[in-house]
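Please go over the structures that come below.
There are two complexes below, and they share chain A, which is joined by chain B in the first and by chain C in the second.
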Partner chain A sequence: MGEILLQAEKVCKSFGITKAVDNVTLTFDKGEIHGLIGENGSGKSTFVSMLCGIHPIDSGRFLLNGAELHVKNQVDANNKGVSIIVQEMGTLSGLTVAENIFLGRESRFVRFGVKNTAAMNREAANLLEKYGFGQINGTAMIDNYNFEDRKLIEIVKATYFSPQIVVVDETTTALSQNGREELYKHMKRIRDEGNTVIFISHDLSEVIDFTDRISVLRDGRYIDTVSSDAVSEDDLKRLMVGREIAGKYYRTDYGRLVSSDRVLTVKEVSVPGQIREISFDLHRGEILGFGGLSECGMHEVGKAIFGASYDRKGAVTLPDGTKIESIPGAIRHSIAYASKDRDNESLVVYDTIRDNIILPSINNLAERKILKRKRLDTFAAAHAQMISVKMTGIEQFVSNLSGGNKQKVVLARWIGKDSDIIVLDSPTRGIDVKVKADIYALMGELKEKGKSIIMISEEIQELLGMCDRIIIMKNGAINGEFHRDERLNEEDLIAKMV
Partner chain B sequence: MNTGMRLNEIIKNKLFGRYYGILLLLLLAFFFWGIFKILSPDNFGSPEKMYYYLQSSIIYSVGACGFYFIVVMGLFDFSIGANVVLSAIVGVTMAKQFGYPGLLAGAMACGLLIGLCNGFLYAKLRIPSMIVTVGLMLVFESLAYFASGGQKQSLDASLQFFGKAPGNMILALIAFLLTYFILKYTKVGTYCYAIGSDEYVAKNMGINVSKYKILGFVLLHFFVGIMAVLSVSFGTSMTATTGMASMSRNFTPLMGTFFGLAFRKYGIPVPAMIIGEFIISIIFNGFIALGAPTTIQNVVTGAALLTIVALTTRPAKGVVVK
Partner chain C sequence: MTEKIKELTYGNVLMGRLRELKGVLGNSGLRDFFPLLGLLIIVAVFAAMTDMRIIEAKSINLILSQVYVLMIASTGVFLVMTVGGLDFSQGSILGISSIVISYLSFYSIPLALAAGVFAGASIGAFNGLFHVRFKIPSFIVTICTMYLFRGLCAYMTTDAPVAAVTSITGLNLTWLKITLTAAVLLLVYIIFTFTKLGVCLKAIGAGETAARFSGVRTNLTKFLVFVSAGALTGFAAFLNVVKVGSITATAGNQLETQILIALVLGGLPISGGAKVRFSNIVIGALVYCILNNGLVMLGLDTAVQQLIKGAIFLIVVALTIDKKSLHIIK
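For the complex of A and B:
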């Protein structure tokens, strides 16, 4: 057992009546990568947000090197040797890359109230070069960079001052393979320098591969800490959920014929700079998967079908010849879409679960243009309960839900609308195994009801496990198509991706 | 890479982007000058007149610079006009005793105090800035009325150095350089942008959001104090008004701020506010030269502002604009 760097003692945090973190006592050693896992809503993010000063502690304490740690905000935490790379966007628009890196810590460049911008830019350039991100210009506006590059900038921002503890909170879900490799490299560097990484991820295989020890939280409580080289994914699932989760939560049926009825025809659809001449048919009761590398254009396909792409060319047509050109048109013709960017593109996060669920169905729920509260409540509650959204009530704000439960709200919305074609972009992104299993089961039920699903995913296993047909994309075009088959494996798909 | 993408890349380049933005603004100024020159060749647009338009526009540019600090943070202030009147009256009154130092110190200190009062009440009452400043506008208008006894306050002829070139140019230039310096070389500029981008994240970065919001109001009204000196020197007198009549003085500086925000992506908010106000001045004076009624002037000026900002801002498709 190594030397203890950080100790959590009986740490508690509640939000209203929900106990998010309940009496957690846990230790982290010097020079280790420590995995922290648990279902959505298990308290992982709340636990680290208290450590980093984002939320205050209700009771209990953190001890760093044996001394009690009090932090007021993220910069205060940084000054005391703790930093975090968050799941969402952690950089600020309207500032330069350099200003973002040093935000809140500019004092070293300020003399008599005057900021030495040139020195700050030089320092940022040196750091970016040192981290191997030389392609990023420190003086450029951060808005010029995409989500992934901005995550790389966050890595620099969170680690350049050699903090003793770096929290990586579900960051990898937003990164492509290249971005992940960069992150892993810097996690190992931090550990090799004798500091500690707390690594939160739902991807159990990467947690096992890249950590030294793993701690499990369930329903806000500490369950166990295990050595990474002595556990399997199934062991971790059991610890997370508290019961045996069968490895096979995917579909097990093979050889079933899909209906020949076409419900949607996509013909030569292109979006400048994104996708080129995409054509395919979708059939009744079919689960059609789209896979590929992160930037292959598959995410744009979902938007294009839903009428959410700009400058789209080509045609998306229903069997009766109706063309889908806009989002209202798509919804009117029973097409649903759940975006990969759940918080920004699918949900009104600062609104109630009820309002989020009823949004697309509001015209159907109105009686002579008048909305009756009781009817809305009944509708929202019925659909939220149907897919087991973990909530205090439909009045709860979506912002207070975990990632998995947010996704359930999105699905409840479209089930409520009774959509016939459902486009799911990365439906299990950042979601724990339990909710994943629920979503797969739901997809199976929808399929049985004759609904058609397009599932866009960066997870090859779920494509293989759930889809009747898989289209692989590369550089914005279709590069391969596979039908459901037990013999189909990851290598077959990867060969068409790269 | 097609031509459009290539052009975008070039514009993205910081140095060239800056020149591109300034060039675009100057072209717009030239465009409006050309139109009015064709329509009214004798009454409009001679070099002397253009210099006069510039001198009148810089008064508003100074106000626009002040406005910029709070508008980037997502705040607003309706008491600018009332501050111009009150600070000018205080400045004129003090100038009678202390000459130029009284004029400058009186107006600027009055502006500072008003800014502190606005910022403090906004932070403490925790109600929207628009509501706080509408309430305070009524208070400041009344104070100006009481301070002047309802009489026109004239600036002594020997104290009108800041009413014409080079005095007005020097004072305005100092204000522009100060704005540029604060935005570029102090934490205040960075923090104003950070708070405007995401207040919650800014708070988590250790930024004292309330403090910088109050500071934003202080800076705004300090610059409005300078604007008051320029206004009363240019017009040689100031009369207190009540019943929200000062409100109309808010909008010309605000239009300049819009130019600053629209051209911020080129890294030139201060030059954009100066040239933007100059463009507005050209349009105003162009209509006067044509003898157009005030209502038509207002309609066309408003439409021109919307067109210019819409054409120059052009956010990427899909970006949410609030």
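For the complex of A and C:
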């Protein structure tokens, strides 16, 4: 054990009556990369956001080198030696690269009230060179760079002043392999300089590979700290979830015949610039997968079926000849759609769980056009509880829920509608193992009930594990079709994607 | 990202205090009761400052006589603001509808009323069409219509005020005005609370795209909301004509800002959405009228009155605004 750099003592934070962080006591050593893991909603991000002054602490305290650390905001945190690379975009549009790097610390270039831009740009160029990001020009507008380069710039911004603690909050999901390598390299450099990295990630294998120790949070509480050399992914999963997870949470049945009853026919559907001449049938009780690279058009297929595409050509037809042309039409004919863009398209996040669950079913819930509050409440509560949404009550705003719980609300509303055809776009995106397993189990149940599911996913494993049939798309068109088979593997699908 | 800008720009202590106060307001769950509390406080303050004159029957009558038009017109704007829009055209609608009603009152009073409502609804439809079809933010569209119809109003009253039939002022009866106002409020209350429209309006205000993906016909609903707002103000114009008898170029002047201030004082979140309450209308209109009369009774200069109203409005907005949802004002 090294020398202690940072101590958290009984740190608490509540949002409403949800305890996001509950009495967490934890120590970080000087010169280590310390992994922080937990499911969605376990309190990792809330914990570090208190450390960095994004949220105030309810009770408890942080001690840095034995002295109480009290930060008012992020700039203040930086001055005291704590910095963070955030999950989302952390750079500001409309400023140059150099201005972004020195945001909030411009005063060091100011002489007699005038900012010396040339000096700032020179300094930025030196830093970028030193970090090995010579391809980035410090005087260029940040908007000229893609997401990945902007993340690299954030690395510079967060670490150039040699902070004692650097928090890396789920940054790697946004990065390609190259970008990740760069990040790992700099994490190691920071550690070797005697400072500390707090590394948050959902990718357990990278956590084990690149950290020295790992701490686990569950439901806002501290569970354990383990040495990275001595644990396996399964050990970590067990700590995160608190129970044994069966190695396989996908379907295990093979060779079962799918009904030949058609429930939906898609014929020559095109959306300009997105998809071309897509035709397929969906059968009763079938889970049909759509895979491909993220820009292949598969996400638009889901929208097109749901009547949500602008300017769609071709026909989406039910067996009785009804054509689906609009969202209200799709919902009336028992089609459900869970978008990849959960916060904007799937859920009205600044509204209550109740209203979100009842919204698609609202016509069925009215008696002679009149809605009774009690009936709505019962309906919403019953469906939220059925798939165990973790909430304080149906009056809670969806914006306060974690990603996994939001997705559960999405599913609750469509199960409440008793939809027969369910289009799920990236249903497990950004969701932890436990909720993932719940969602797969639910899909299995729906299939048994004779519901048909279209699952659009960028995760090849989940397509192989869950689908009766997989359609692979490339450049907006269908490029291959596979039936469920144990022998089918990732390479088969990838060969059709690229 | 916005977090960061906030941290950098709001360095000073005053803003910090304001935010703390906001936190208390927002988290205590008492938010719903603050408008009512505000109403009681404002009555108490003016009662004390005017030696109880403000709660004499005479003053109450005067306050009530100003409340009807404001309350009915606010009901329409309440619906617009619930879906996340703003409507600045109410004053000009009141003017145009009042002129229409005055002209037609010589033929038949019911016909005049119907035509007034129709004229209001037409201007509302004009607003709705431009907002929905051409995707222009509603506050821009309605500021344009405000100038457009204010101009028309001035043109039609250039030579002389437009007088209604003299017998119409015989309808200026307190019980009739109270009944009509109550009827309008009750109707909108029932629709807002017990039909799917209420849920849909709030959902549009809270997140339009998600509402559309949940099966709400967002464009049609928004269009109809603007039509209703126009129609309601058209109806309010009838009570206006009954009260004043003849219409000058200033009819309905500043009604739109009065409505906005009233609704915000009543606790309506300026960005609409799921946190709106029907009571915002009633409490807001009362608070505004009491404030207005109280300031007059104190004998303050008109300019000072405006200054005070502006300051109160700004403080209430600053205390209640939810920055996270501000971007959805349409």
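Convention: the second predicted complex is superposed on the first by the 315 of 498 C-alpha atoms of A that agree within 3 Å, B and C clash if a C-alpha of one lies under 4 Å from a C-alpha of the other, contacts with A are read in each partner's own complex, and residues count from 1 in each chain.
Criterion: a residue touches a chain if its C-beta (ideal position, glycine included) is under 8 Å from a C-beta of that chain, and two chains touch if they have at least 3 such contacts.
Because the structure is predicted, anything quoted here is derived from the model rather than measured.
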{"item": "Which of chain B and chain C A:L95 touches, first, second, both or neither", "value": "first"}
{"item": "Partner chain(s) touched by A:A495 [first = chain B, second = chain C, both, neither]", "value": "neither"}
{"item": "Which superposed partner A:I54 touches (first chain B, second chain C, both, neither)", "value": "both"}
{"item": "First, second, both or neither for A:Y310, with chain B first and chain C second", "value": "first"}
{"item": "Which of chain B and chain C A:V349 touches, first, second, both or neither", "value": "second"}
{"item": "First (chain B), second (chain C), both or neither touched by A:Y337", "value": "second"}
{"item": "Which of chain B and chain C A:V110 touches, first, second, both or neither", "value": "first"}
{"item": "First (chain B), second (chain C), both or neither touched by A:A366", "value": "second"}
{"item": "First, second, both or neither for A:T139, with chain B first and chain C second", "value": "first"}
{"item": "Residues of chain A touched, compared between chain B and chain C (which is higher)", "value": "C"}
{"item": "Common interface residues of chain A - those touching chain B in one complex and chain C in the other", "value": "53-54, 73-75, 90, 92, 103-104"}
{"item": "Residue ranges of chain A in contact with chain B within the complex", "value": "53-54, 72-76, 90, 92-95, 99, 103-104, 106, 110, 113-117, 139-141, 143-144, 273, 310-311"}
{"item": "Residue ranges of chain C in contact with chain A within the complex", "value": "1, 3-5, 7-8, 27, 194-196, 198-200, 202-203, 206-207, 209-217, 273-274, 324-325"}
{"item": "Footprint of chain A on chain B - complex, ascending", "value": "5, 12, 14, 72, 184-187, 190, 193-194, 196-198, 201-207, 264-265, 317-318"}
{"item": "Chain A residues touching chain C - in the complex, by the definition given at the top", "value": "16, 53-54, 73-75, 88-92, 103-104, 306, 308, 327-328, 330-332, 337, 339, 344-352, 355-356, 358-360, 362-363, 366, 369-372, 397, 399, 413"}
